[in-house]
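Each of the two complexes below includes chain A, the first together with chain B, the second together with chain C.
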Partner chain A sequence: MFKLKNWKEVPIGGAVDQPGSAMENKTGSWRVERPVWNSEKCIHCLRCWVYCPDMSVNTLDGKITGINYDYCKGCGICAQVCPEKVKAITMQPEQ
Partner chain B sequence: MANLKELSKRPDGFSPGHRLCAGCGIPIIPKLLYKVTDYDIVVASATGCFEVATTIYPYTSWLKPFVHSAFENAAATISGVEAMYQSLKKQGKIPANRKLKFVAFGGDGGTYDIGLQSLSGALERGHDIVYICYDNGAYMNTGIQRSSATPYGASTTTSPAGKVIPGKMQRRKDLTNIALAHHIEYAAQTAVSHWNDLATKLQKGLDIDGPAFICVMSPCVPGWMYPSDQSIEVTRMAVETGYWPLFEMDHGVFRVNYRPKQKLPVADWLKLQGRFRHLFRPEYTYVIEEIQRQVDDYWEYLAHMEQAFPAPPK
Partner chain C sequence: MAKIVATTGNSAMAYAMKQINPDVCAAYPITPSTQVMEEFSKYVADGVVNTNLVTVESEHSAMSACIGAAAAGGRVLTATSANGMALMWEMLYIAAGMRLPIVMALVNRALSAPINIHCDHSDSFGARDSGWIQLYSENAQEAYDNLIQAVRISEHPDVRLPVMVCQDGFIISHSIERMEYLEDDEVRKFIGDYKPMYALLDIDKPVTLGSLDLQDYYIEHKRQEAEAMKLATPVITAVAKDFEKMTGRAYGLFETYHLDDAEVGIVAVNSAAGTIKEIIDQYRRKGIKVGLLKPRLYRPFPTEAYVKALGHLKAITVLDRVDSFGAMAGPLMLEVRAALYDLPKRPVTIGKIYGLGGRDLEESHCQYVIDELVQIAASGKYRELCEYITVRE
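Entry: the complex of A and B
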């Protein structure tokens, strides 16, 4: 968790000197439904990757490798944009 | 234009962990912005959902330089940064071959209404910037108040649909054409549901030496009132029904980039959203007819624009 800095430690002008520090904030805790990815059905069209608002579809070398549950908010866009004939992502209630 | 496979291999510029709502369309824009180009980009953002959700002190979702700005002056801030870069380059403090690009983000409130004056100034002065407006059609950040981007007939907290009025009674301002009137080389309208169109336009805007303006339709789950997984579908339907045409003015050539194969009635888009629910009451059907008339009118206007600014003969 974030520890408050005293006035001598805060950068001038309130600048944030750690790019991407929002990654400390695990938005995965918001999730009500979790997307479950089926690697056998997936055709790696990357539509879920491009439309995911939380950069939570992991890719390696242009292939999907899974879903990052640390940040996935469970909006369900990935399951919706997955092509009709494939449907490799299903939404399941969070336990 | 690169394909998705190549884009996914490129480095990120925007990190997860931001506090935008589940299903918000906005993060798709910065994600693609950093993927489509090799330029180093400096971003300024006007107050709005995007700024308050990505830069909650002491956290930031930006992996690249970002300037915090007030509601009305994102365009003025980025103009200043660009002018400083030009000056430092002239003084030899930045190597002449180091190419930077400058991007400003604004919501529809910060662009259509509050920031219009500074945007107009920046476009007129000809700074080398790209201004990206994510248009979700109201002041969503403060709790869904109407803006001049709110569609005719939409219910918001300051234009509530009831017995007296059927939602907002004024037409949406056509901001892309206002930007065009500054005689800039590139202005475009696009939507997050068409990633290829969006990525191409971001790339074109960045490649131009001079001001560019891009208006992107971005869906809003609480404001438009639809289930969060329908974000892309709702935006796609706005394009398919013709409510949100994808067009661009590129070096004096006006192009409609996407023509729906069969233009669906605008009611098909309206019925997906809670903010238009009241229009399906019998007493307000005339509002749907009016919206359809406005859409048809607008397509006629686009056809005239295409005739007036045709592609040069090959």
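Entry: the complex of A and C
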């Protein structure tokens, strides 16, 4: 967890003066189930990347490279939209 | 060089707005402040100001547009009264909470129902807890001077809070009196250029404003707001000092009239103070030591300064032109009385509710108040903690 600041340290009026500062808040800790991606089954259709409501499906040069567990909240949409005949993503309980 | 004119409180505020020349003004005119916008819109139409005048469909939209424009980095002014300000209610708190320096010309008027367009202070006193600084004005000159000073106060880096400048509807807003206008360039120099702290239109420094702020930060931001209110008091004093250097007209946290050697005193804001001063003169001629404290500030409430000014009195009557229905007394009375509580020997403090819906405070009412104060000072006892005056019993 990042450190919560006191009232003298935060910008006034709730202004967020650092773009992209949400990156500091690693929301992956909310997850109950984690998507597990199987690189051998994946056909790189990118449907999971399109549907992910966060930006937690990592890609490189148009190919899936994995899941970003720092921010993935485990909603399961990626597993749901993965084509029926592929099913490269499965949801598994967090330990 | 000052220009001496005969004009109304509303024209004086419109003229101050012209001289301030804000970037944006969004308003929805309402009686008795209508004339402020009517005259200001003429200045816009005549091209004597560069203001983007946004004509909106309600006061809620007016304050919303002011908030948007201020968040974008503009210097923003508006004007309203009573039910108009009531419709802005939600946005008043948002303007203050987002720490946006917006200045409002508020022409005090009674809130409906029954419907009434005349003066009382239920609008601004109701907005006591909204986070707006409130400056009160006895006459057109003070309304004009306060509006110009409000810009500096509001935009000060320690403050960054919206300011409402209050004057009495009709009694001041529509009465013609002698006053002095500054030159345009004097006002421009006094207020200086506006430097926004965060501006949405500053693409080199991108910011997010108005984001969700839950259990883990909301109270930190409210603590900052409380601090800004505390820091506003010295800023208001400093701005007044600068203003005095330019105009010779002295402003502070309050004005006193024959208070230093007084045994009994009255506390009242806005135009009633003028009437009270006249009656104090009558009583002084009879050798009765009565004085007046006319607060300029209700928010922030400069407790220490008020206690210092009032602490030596034997008895005080606080006049409220507003009722907090079901409370012990009117809001100003309660706060003055509470402020004096820690004194080892405190004045007997009572309250009167007067003048609701524009009912005049007449000579006889002031005499009644002072006569009663003299009795209280002698006996140490009061009859009623708070009663209505200026009403048919």
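Quick notes on this one:
In the analysis below, the second predicted complex is superposed on the first by the 80 of 95 C-alpha atoms of A that agree within 3 Å, B and C clash if a C-alpha of one lies under 4 Å from a C-alpha of the other, contacts with A are read in each partner's own complex, and residues count from 1 in each chain.
In the analysis below, a contact is a pair of C-beta atoms (placed from the backbone, for glycine too) under 8 Å apart; a residue touches a chain by one contact, two chains touch by 3 or more.
Everything numeric in this text was worked out from a predicted model, so none of it was measured.
Shared-chain residue A:M91: touches chain B; no touch with chain C. Using the contact criterion defined above for the overlaid structures, shared-chain residue A:P53 touches chain B, although it does not reach chain C.
The wider contact with chain A, measured as residues touched, comes from B rather than the other of chain B and chain C.
By the touch criterion stated above, A:Q80 is placed in contact with chain B alone, chain C being left untouched. Judged by the touch definition given at the top, the superposed model places A:K26 against chain B, while chain C stays out of reach.
Of the two partner chains placed around the shared chain by superposition, chain C is the only one that A:N6 touches, whereas chain B remains out of contact. Residue contacts after overlaying the shared chain place A:G66 against neither chain B nor chain C. Applying the stated contact rule after C-alpha superposition, one finds that A:V16 touches each of chain B and chain C. Touched by chain B in one complex and by chain C in the other are residues 5, 14, 16, 19 of chain A.
On the side of chain A, the complex with chain C involves touching residues 4-7, 10-17, 19.
Chain A contributes residues 2, 5, 14, 16, 18-27, 30-31, 44-47, 49-51, 53-56, 59, 61-62, 68, 70-71, 73-77, 79-81, 91 to its touches with chain B in the complex.
Of all residues in chain B, those touching chain A in their complex are 4-9, 12, 14-28, 31-32, 54-64, 192, 195, 221, 227-233.
Within the complex formed with chain A, the chain C residues making contact are 97-100, 160, 197-198, 205-211, 213, 216-217, 219-221, 223-224, 227-228.
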